[in-house]
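Take a look at the structures below.
The following pair of complexes shares a single chain, subunit A, combined with subunit B in the former and subunit C in the latter.
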Partner chain A sequence: MKVLLVDDQTQFVSVLTRRLNMRGIDSVCAFSPDEALKIVETTRFDIAILDMKMPGLSGIELRRLLHQKDQNMKFIFLTGHGSEVDFKVGSAEASFFLPKPLNIDKLIEAINETASEKP
Partner chain B sequence: MEKFIELLFEEGLSFFGQINASISHELKNILATVSETSGLISDLIEVSENGKPLDIQAIKNSSREIGEEIQRGFLTIKQMNTFAHSVDNSFGEITLTDTIDLVINLSQFLSYASQVEFFKQESSPVKVFTCPFLLQDLLYQAISFAYKLIGHKGVVRISLVNEEKETTIVFENMHLDEEKPFPEARMQKIAEVLGITMATLPNRTGFFIKIPLTIKTMYKRGEK
Partner chain C sequence: MIKKRSTLSFFIPRRWSPRQEMKSYFTFRNYRRVWLILIVSLALTCLVPLSIITVTHQRIVDRAMNVERILRAERVTSNARRSVGNFLAERMDALRFIVNEVDYEKLSRNDQLENLLKNLTVGFGGISDLGVIKEDGTQVAYVGQFNLKGKNYHNEPWFKQCMASGQYISDVFKGFRGVPHIILSVKAKSPSGDFFILRATLDTAKLIQTVRSYQISDYADLFLINHDGIIQTPSTTYGDGQQKILFNVPAYSARTHAFEIRDLKGRPFVLGYAYILAGETKTPFILIDLKQNAPMGTIWDQSKIKAMRIFYVSVFVILLIVFLSSTYMINRLYMSDSIKAHTLKAAEHKSQLASIGQLAAGVAHEINNPLAVINEEAGYMMDLISMGDSPPDNAELTEHMQSILDSVERCGTITRQLLFFARQFDVKIMSFHPADIISDVLKFFKKEAEYRNITLTVDVSPRTPVIVSDKGKFQQVFVNLINNAFQAMEDSGKLDIEMSPMDPDFVCVTVRDTGCGIPDENLSKIFDPFFTTKGEHEGTGLGLSITYGLMQKLKGKIDVKSKVGTGTTFKLIFPLNIEGESKS
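Now for the complex of A and B:
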């Protein structure tokens, strides 16, 4: 299983990626939607973990572009915002919608459940 | 005065909510980073307890990053506090450059924020007698409007032109389409109450906000 994490909070996403790798989950991070779109040109991912609010493209918009490129890719959204609108849209478009700050064990549970979902 | 109170309820509360939401979003991001970084330190210690050498450099880097995030948190809370106190007086004298600085800082929490270059004049700072809260609201809407036109990779240029009875804030380095209404209805409502005029620059390369140095109100300088 390969996981892509995308967030403009560079320290947060770098450390989270390192912690997932330490737990045996093969993970790569991107600091912007543009960078994520470049990475998926050459690497295939099973799951993308996307922040909802990023400069340039929102997590929802990026999810749609990534889904166009790979229809088997599954999604988890992260948010620091927590508005009701975000929650409704995020829950409808991804397997999980997790608030920040994160609990890494819950994230791993969400990753495993998402990976086991049928396409 | 009735129009002013109506505006405070209609627009002011919405602005207050907007700023609080963006600050809480910023604070959650900071806490998320601190939480992950301290989690990494725990992970590194756990790994070393299982026989691997302790990665001292990673622990040093993590500790430095936590310190930096705490500073970011303090700065955010300082801005939140300054903003919260802007409603202490309905009317009062403000230093315009300080208000613009605060609005730029608050607006940088927006996910679509551009970079900003604010050219301050060397001469003595401009004092404006106005409703500080509504002026902040207007400037925040104006700068958000500019960000949407420019995009997150662009730069908004802001400068001041001071005259005897008024001062003009100029927002440049963008293009306003002919179809794009300016000012937007929300900005226009506040501008009318504060006696402010707004218009696009020639060639629609930006816009300006002309602020009277003293707003005509039932209040006088020195009164709360």
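Now for the complex of A and C:
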């Protein structure tokens, strides 16, 4: 199982990636939507964990682009900004919608559940 | 609780002006002024036409009254003149009759003359003596109370005049008798061809009686004067005799005249006068009819009084109604303004809280990010300790702890900013640079701008001075305007803020967005309270009206230009010193 994490907060996303790797989840991080789109050209991911708000492209837009490239990819949204509208859209378009700061165990639970979902 | 209202409260509004802090929410600042203007203008519109009508009516009545008084004076004078003329003419005719019918021989004898005097007294009355005077002035016969036989009148003016014109009527004079009298005389020719004069003395009593008989009202004064203006028969106005009248002797006229005059004492009269003729003979007398303005009582006066009474009652009723209605209106106006003011103030407060809430949401996000980092870093260190193969390396731990400290520092900065910002909502006049405040405000919008790809540019002219103003209100104006601009703009819009000094006393700030713009028909309404184009739950419709109110409190001006599809520009003008007298 391969996981892609995309967030403009480099510190946060890089440490989180390291922690997931320590727990045996093969993770790669990207610091911007552009970088993420570049990475998926070469690597296949099962799950993408996207921040809702990023400069340039929002998580929801990025999800659409990624989904076009890989119909099987599943998504989890992260947000630091609990807006009601974002939550509704996010819940509809992704398997999970998790608020920051994250509880790592809950994230792993979410990843496992998402992975076991049927495409 | 029902308060008992005094009668006065129906006439004078209960409240004059709102409390200082509520003033800016009321339509008027001083309701006493509005009340006074209302009363004066209402009273004038009613009273001016009423007064004009009343005065015109009084004038017409006065004029009619005067015309009538003048006509009446003319009538009385004319009648009296005829009587006095006749009175004198009768006596002159009697004398003429005597000199024509009785021989000079008989006339020059005292006993004959005495008979004549008796007959004259019986027939006419008022004649006290008779005399016959020869051409040389010697009185040859005389009957009467005095012994005047032999007296020579050669040098007397009346004698000369009678010799010259054939007849003579004298002024009233006392002479040596000490009793007012008139001399009547006629000239005749004796059989010997000499001229002689028959002279009679006329008591004035009967003449006075004749004149007086026409004096029908207490306010009329009928008397005779001579051509020099000396009073001949008693006047109730000017005295009993020999005084001069206190007005100019009216010019000669063959007819009777009447007009209004004022005498030298300023008393107003209607004067009727007529020069008296005794038959064909001129007399020295002018009949004067002086009529004072009679005090109240005539039908005209009564109509005048009635009109005045109606006028006063109308004025009273009009003023009463004007006062009652004005006071009622002002009370109602004040009440509805007061409700409006309290609603506005409450709404303003609510909206202020809402904008703080909005800021808080932004700030929460700002704080959330470093918290997430702290969470991950601390979690990672725990992972290293519990899951790592070997005890963690000190250098690596230090690096992550530093990252935690950095994040805490960031949170601290943000909370300090928020605290600083929140404190500004207290009213505080202080000096500050407008650019500092705008950059403070923009900090809260930076993240959103970044996410939405909105370009923020701030162009501050280096000549922009420090201003003295209410910092919190100044700040809120920009929070509101930038908030609006962000809501109006699609992603990747542009927000420009420009700042430059204007005139010597003002600073001008423009806030330009590339948002959806405001249609012309809404442009005039955007500062109205509760005007909104957003949905029911999205906007209160108060943002811009509050901004407008804030600008007024800052003694500034706000102006808007907008084009649909292109964007909106707000132009704000602030005084350099809110406490100074602005030269506008």
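Points to keep in mind about this one:
We adopt the following convention: the second predicted complex is superposed on the first by the 119 of 119 C-alpha atoms of A that agree within 3 Å, B and C clash if a C-alpha of one lies under 4 Å from a C-alpha of the other, contacts with A are read in each partner's own complex, and residues count from 1 in each chain.
Following the convention adopted for this analysis, a contact is a pair of C-beta atoms (placed from the backbone, for glycine too) under 8 Å apart; a residue touches a chain by one contact, two chains touch by 3 or more.
Values in this document were obtained by computation on a predicted structure and should not be read as measured data.
By the touch criterion stated above, A:Phe12 is placed in contact with subunit B and with subunit C alike.
Residue contacts after overlaying the shared chain place A:Met22 against subunit B and subunit C alike. After overlaying the two complexes on the shared chain, residue contacts for A:Ser58 are found with subunit B and with subunit C alike.
Looking at the shared chain after the overlay, A:Phe97 reaches neither subunit B nor subunit C. In the superposition on chain A, the residues of subunit A contacting both subunit B and subunit C are 9, 11-12, 15-16, 18-19, 22, 53-56, 58, 80-81, 100-102, 104.
Partner subunit B is touched in their complex by these residues of subunit A: 8-9, 11-12, 15-16, 18-19, 22, 53-56, 58, 80-83, 99-102, 104. Residues of subunit C that touch subunit A in their complex: 361, 364-365, 368-369, 371-377, 379-380, 383, 387, 400, 403, 407, 450-451, 453. Against subunit A, the residues of subunit B that register as touching in their complex are 21, 24-26, 28-29, 31-37, 39-40, 43, 47, 62, 65, 69, 111-113, 151-153. Of all the residues in subunit A, the ones that touch subunit C in their complex are 9, 11-12, 15-16, 18-19, 22-23, 53-56, 58, 80-81, 100-102, 104.
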